[in-house]
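Here the chain labels run A, B, C and D in written order, and each chain numbers its own residues starting at 1.
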Amino acid sequence: MADTMKALAILGQGKVGLIEREIPTAGPGEAVVKATAALICTSDVHTVAGLLPVPDGRLLGHESVGVVHEIGAGVTSVQVGDRVAVNAVTPDGTCDNCQAGYTSQCRGALGGYRFTVQKDGNMAEYFHVNDADYNLAPIPEGLSDEAAVYACDMLSTGIIGAENANIPVGGTVAIFAQGAVGLSATIGAKLRGAGLVITVEGIGNRQEMSRRFGADVVIDPSSGNVAEQILELTGGGANSTVEALGNQVTFEAALYATAPGGTLSNVGYHGESGPTLTMPLDAWGLGMAGKKIVTDLCPGGRLRMERLMRLMANGKIDPTPMTTHRMGIDQVEDAFDMMTHKRDGIIKPLITF
Amino acid sequence: MADTMKALAILGQGKVGLIEREIPTAGPGEAVVKATAALICTSDVHTVAGLLPVPDGRLLGHESVGVVHEIGAGVTSVQVGDRVAVNAVTPDGTCDNCQAGYTSQCRGALGGYRFTVQKDGNMAEYFHVNDADYNLAPIPEGLSDEAAVYACDMLSTGIIGAENANIPVGGTVAIFAQGAVGLSATIGAKLRGAGLVITVEGIGNRQEMSRRFGADVVIDPSSGNVAEQILELTGGGANSTVEALGNQVTFEAALYATAPGGTLSNVGYHGESGPTLTMPLDAWGLGMAGKKIVTDLCPGGRLRMERLMRLMANGKIDPTPMTTHRMGIDQVEDAFDMMTHKRDGIIKPLITF
Amino acid sequence: MADTMKALAILGQGKVGLIEREIPTAGPGEAVVKATAALICTSDVHTVAGLLPVPDGRLLGHESVGVVHEIGAGVTSVQVGDRVAVNAVTPDGTCDNCQAGYTSQCRGALGGYRFTVQKDGNMAEYFHVNDADYNLAPIPEGLSDEAAVYACDMLSTGIIGAENANIPVGGTVAIFAQGAVGLSATIGAKLRGAGLVITVEGIGNRQEMSRRFGADVVIDPSSGNVAEQILELTGGGANSTVEALGNQVTFEAALYATAPGGTLSNVGYHGESGPTLTMPLDAWGLGMAGKKIVTDLCPGGRLRMERLMRLMANGKIDPTPMTTHRMGIDQVEDAFDMMTHKRDGIIKPLITF
Amino acid sequence: MADTMKALAILGQGKVGLIEREIPTAGPGEAVVKATAALICTSDVHTVAGLLPVPDGRLLGHESVGVVHEIGAGVTSVQVGDRVAVNAVTPDGTCDNCQAGYTSQCRGALGGYRFTVQKDGNMAEYFHVNDADYNLAPIPEGLSDEAAVYACDMLSTGIIGAENANIPVGGTVAIFAQGAVGLSATIGAKLRGAGLVITVEGIGNRQEMSRRFGADVVIDPSSGNVAEQILELTGGGANSTVEALGNQVTFEAALYATAPGGTLSNVGYHGESGPTLTMPLDAWGLGMAGKKIVTDLCPGGRLRMERLMRLMANGKIDPTPMTTHRMGIDQVEDAFDMMTHKRDGIIKPLITF
């Protein structure tokens, strides 16, 4: 009889549960990792709410690190027993989009995002990793699992948001929403040399953390027209804006707040915006103001993880203050409920095994 | 009594007329050019229709070349008598946007576009040029006025559309609408090394010219779902798309037709789209498919003109087949009427002086 | 007993021979291709002359196309019987350099270059391809083997030389040497929209072909100071230069001929230049003139091949006039000797099987 | 009789002196600034030593800030009495190189560098500024003159060195020499998000300051083969290297230490290297290892200054610990002597007026 493990599954719309499941095995080029730490992502909350078509029983989770438990034939870059992190996005590395550098779009739009969407997720005691040589990144000695697990999605997504925003050294940037991705974009804006970092956030502990991570000015959306305030603070628009929420109001404000010639970088997931997004033509300069709108999903692959973990290992950044709660896998249902209802000032709950 | 000249003016909404006007003079750093050839632009048709707030009596025109008639104090790069071209966009070259390289956004959104919008246009026997050392480009010996005048706006706008689309060498591109800007984008797509150029156009002589300028496939919009056809031809989306019309239908089709990781480059003027543009979230990959939307206005300055004219002088490109009609300044009212009603297969009417 | 095939091997310094060799087999992720057409590359001449440390008996060749003969476990992108081209550079696609986009530097400097250097080359009736899903590109229906085989190295190398040179649309470029790589760079310069293409070449039929492929001016090095002539023609330096030979004289001239702010793109193989290259500090602007020097090896992978073959399939470019000689595999020793001594105006000899 | 001022002049090779000189005046588009603070640059030491052909009596200095004393006709961006900083490089903003974005190469190689080389420098109580609207940057309220004066050259040069090095977020960088430019490159490397910053420096107080500004590892050149140590620390080469000294030994080590596909960014002034620099071909990968060599001179213009001063005004960076000495203009001859002989641990002496 196969060994089993505990794992968090979707059990119907709006319903999750910790279940028993067989431990996965590794085919050629694949690996299985024994989890040591994981984070719950808001996008799983969206998935459970029914935004993505996922069959019942599918495991949740895409932010986990652990120890290599098994490797399949042909895997050469890691060995059983290695501490490893794996990105939320696990591209094959060979398709045309991957060869063009768009690994998050592996084989098609958003195709690199496989956990839960295309196969079982990794909020589980053991999890399967495709294309292991492309996707498994050794965790540097001395770096905690808690830090490493932030590289799986939050840092990778938030920081690419800042990178794509093309912030000039000494330029101005405005970041909309300071959840974990937005806070990571704030870390990223500082990393890229922004001269003025403005963030937009209404929740007290997130405002505080935003300042701690590098925001010079935090605008509370209840304080009036946000775009106007940014235009005022920047003298005509921010060189760069980051939309880290994914809704009509923030997108529109970001577009207004972007300077002519500037860039709006979207990393918010617009799953709840309905079928369309509306772009005010005056905000967009009638399609001629040189404003760029760029989008991305968490970039995948080992190299990305190595670089993000190097930043933490060398003390350049520390995302762990985002961990507001710590729980064992047996409490993961509670943790998921807290994330769903944004209770108790939660930002990220760390799950340990 | 000051000398006078003939010039085309807006005389109220929907009304234009050839009027007498004093010949302008050149202050410090400025120049006056005696026109030899000009083109009428569809954007002037929009302006006359009331899309931009312009006072009655303001001169129209922003695509003219000629001979330097007068230079103001401090102008060093040209002399009276030089044949010169001047871009439709005439930035000051010193504001922050100009220093950042966004010359079309001089001093603010679309601010480099001064003719007609901020001062008299140049469909006139003589016209004024601000910041002459930044904006006047000598016409190479042997290059005709007719060729040179295409560099003022059509080529500069269409080709930047292709440049901004970031077409990979050997990649695929789809260009929506084949008016003069779209045709210039087709010229640009070929110039940047596209491997497959698809254009979308319904008018017969424009389809024919599109093929002549480099289109491999011309899709007639009446033939069914355009985006689907492009997805089919490209195996999942074009690396690059160019929106050269400026309306909801073409923008939306272009967004669907853009591959994950690809770029939609907008050079269409969305003045007639109403206050908003609608972005289907599935076409945009929920803000995560790596699709970039970039926009621009005709890039200004002398260097741009020099490079475009070099391409023509060395026989690399020839836009003059777009000249469907040739008329003197005395027939400019008729020419404007033809442009307004798109009569007689008109693409560009050349006005001579 | 295993089946055997004919193949061209190095048999000691300066010595090559057509030998019998066992047909290779395909392990997991690998493929074997039955060759249909191949070209001989000057770099093999260098290798045979002793510039690279290669064991006797190692097969030569890295420019071959053919038909898939066998695929190993896990290969999904091609099937036996498919017509395929494979780049001279065959990266694994998973190492850090590959993930960073530098596939030619797979696992280390020049590490993507495996044929002959790290394993048998493919001037053979059958040849082995590592990482087949990354490296095999189907040849489009209707594209000849002769055209396709130019994508393996000549076009890929020459065109990346032009791409890396960062030629502005309408800008000026000078390309040093018009062998097959230099001629391909000329094709590339035209593809990227150069406004003035200057080439430097002393051999008559290459000069002629250079003009045919897009050169506006061909400078014969015997005509005096080449750099001075380019400075004169460009009014102070070319925006871009391409060094496609690999020696002190051409490198130095290219550096002088590059405008401040411009780019020198090296694709010449400096194997014969001795241990060092000398950079005149005045040519380099004392390290402050904004001149960039970039280098590259043929970029590998399937996507690159697909794009180059699309350009040929759609009639955008045609490199086949470079084929000056056509011979069967049984004459390959003669062909190699002709390449070695540059006899009979040879540019590229096509070998068929 | 015209008013006079004190100023530091070159009085023959190896000789400088504080002299009396007429206060300059402002022609059209120009300005005169009354100095409040200045720094002495090592490049002036080189100039006095005879490396640049400068006539006796020419004033030294190119790092000064002050208050607008006079503006010429047509200057609109500043008023008399404004506190302003002006870059060491003062381009005209209109020449082709400026329009292409290479302002440091205004009108020709290094042509933006005008102080002392083309006209009087600004180590003077009053100094002249050409193209004032392009070059004068208001100093933000609350920012000290001492901080602002670092933006004139040290920060602008060092940080562009880091920017040009194209450091990936979380990537590795090695910076050679930690004088004021090298230290500024270290500041820049941190600003761009380097994951590991290695610096090379032998002088104790500079090593200490290097760590303070962000170095993770400081290598003392006396400790053995520097390139080998960097290859070891980075696992095969730094993604980026910065040469901030300008000599054969550091350039060569930097080239060896650069990873395949990486970038060597030169901001060292190779005025003392003799007529040539030698490039070892193995370090350069025979011209095919994808290593890029880029160079630059301090980028000029107002926008650059605004951004650098914003970084300081918002507390992102603080270069003032580099000020090792403070003296009045009357002691400037002593200060110059200290810089010449690198006495007393001097890095930068601040001169006040």
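The rule is simple: contacts are C-beta pairs under 8 Å (C-beta built on N, C-alpha and C of every residue); 3 or more make two chains touch, one makes a residue touch a chain.
On a predicted model such as this, the values are computed, not experimentally measured, just so you know.
Novice: Strictly by the touch rule at the top, which chains does subunit B share as contacts with subunit C?
Specialist: A chain counts here if it touches both subunit B and subunit C, which gives A, D.
Novice: Name the chain pair with more contacting C-beta pairs, choosing from A-D and A-C.
Specialist: More contacting C-beta pairs are found at A-D.
Novice: Provide the C-alpha centroid distance between subunit A and subunit C, rounded to the nearest whole angstrom.
Specialist: Their C-alpha centroids are separated by 41 Å.
Novice: For subunit A, give me the residues that contact two or more of the other chains.
Specialist: In subunit A, residues 100-101, 168, 306 touch at least two other chains, as defined above.
Novice: Help me check something: in the complex, which residues belonging to subunit D touch subunit B?
Specialist: 28-29, 73-74, 77, 93-94, 96, 98-101, 131, 133-134, 301-304, 306
Novice: State the interface residues of subunit B toward subunit A in the complex, per the touch definition above.
Specialist: 97, 100-102, 104-105, 108-111, 168, 236, 243, 246, 251, 259-261, 266-271, 273-282, 284-297
Novice: Could you please specify the touching residues of subunit C with respect to subunit B in the complex?
Specialist: 159, 163, 168-172, 188, 190-196, 216, 306-311, 314, 316
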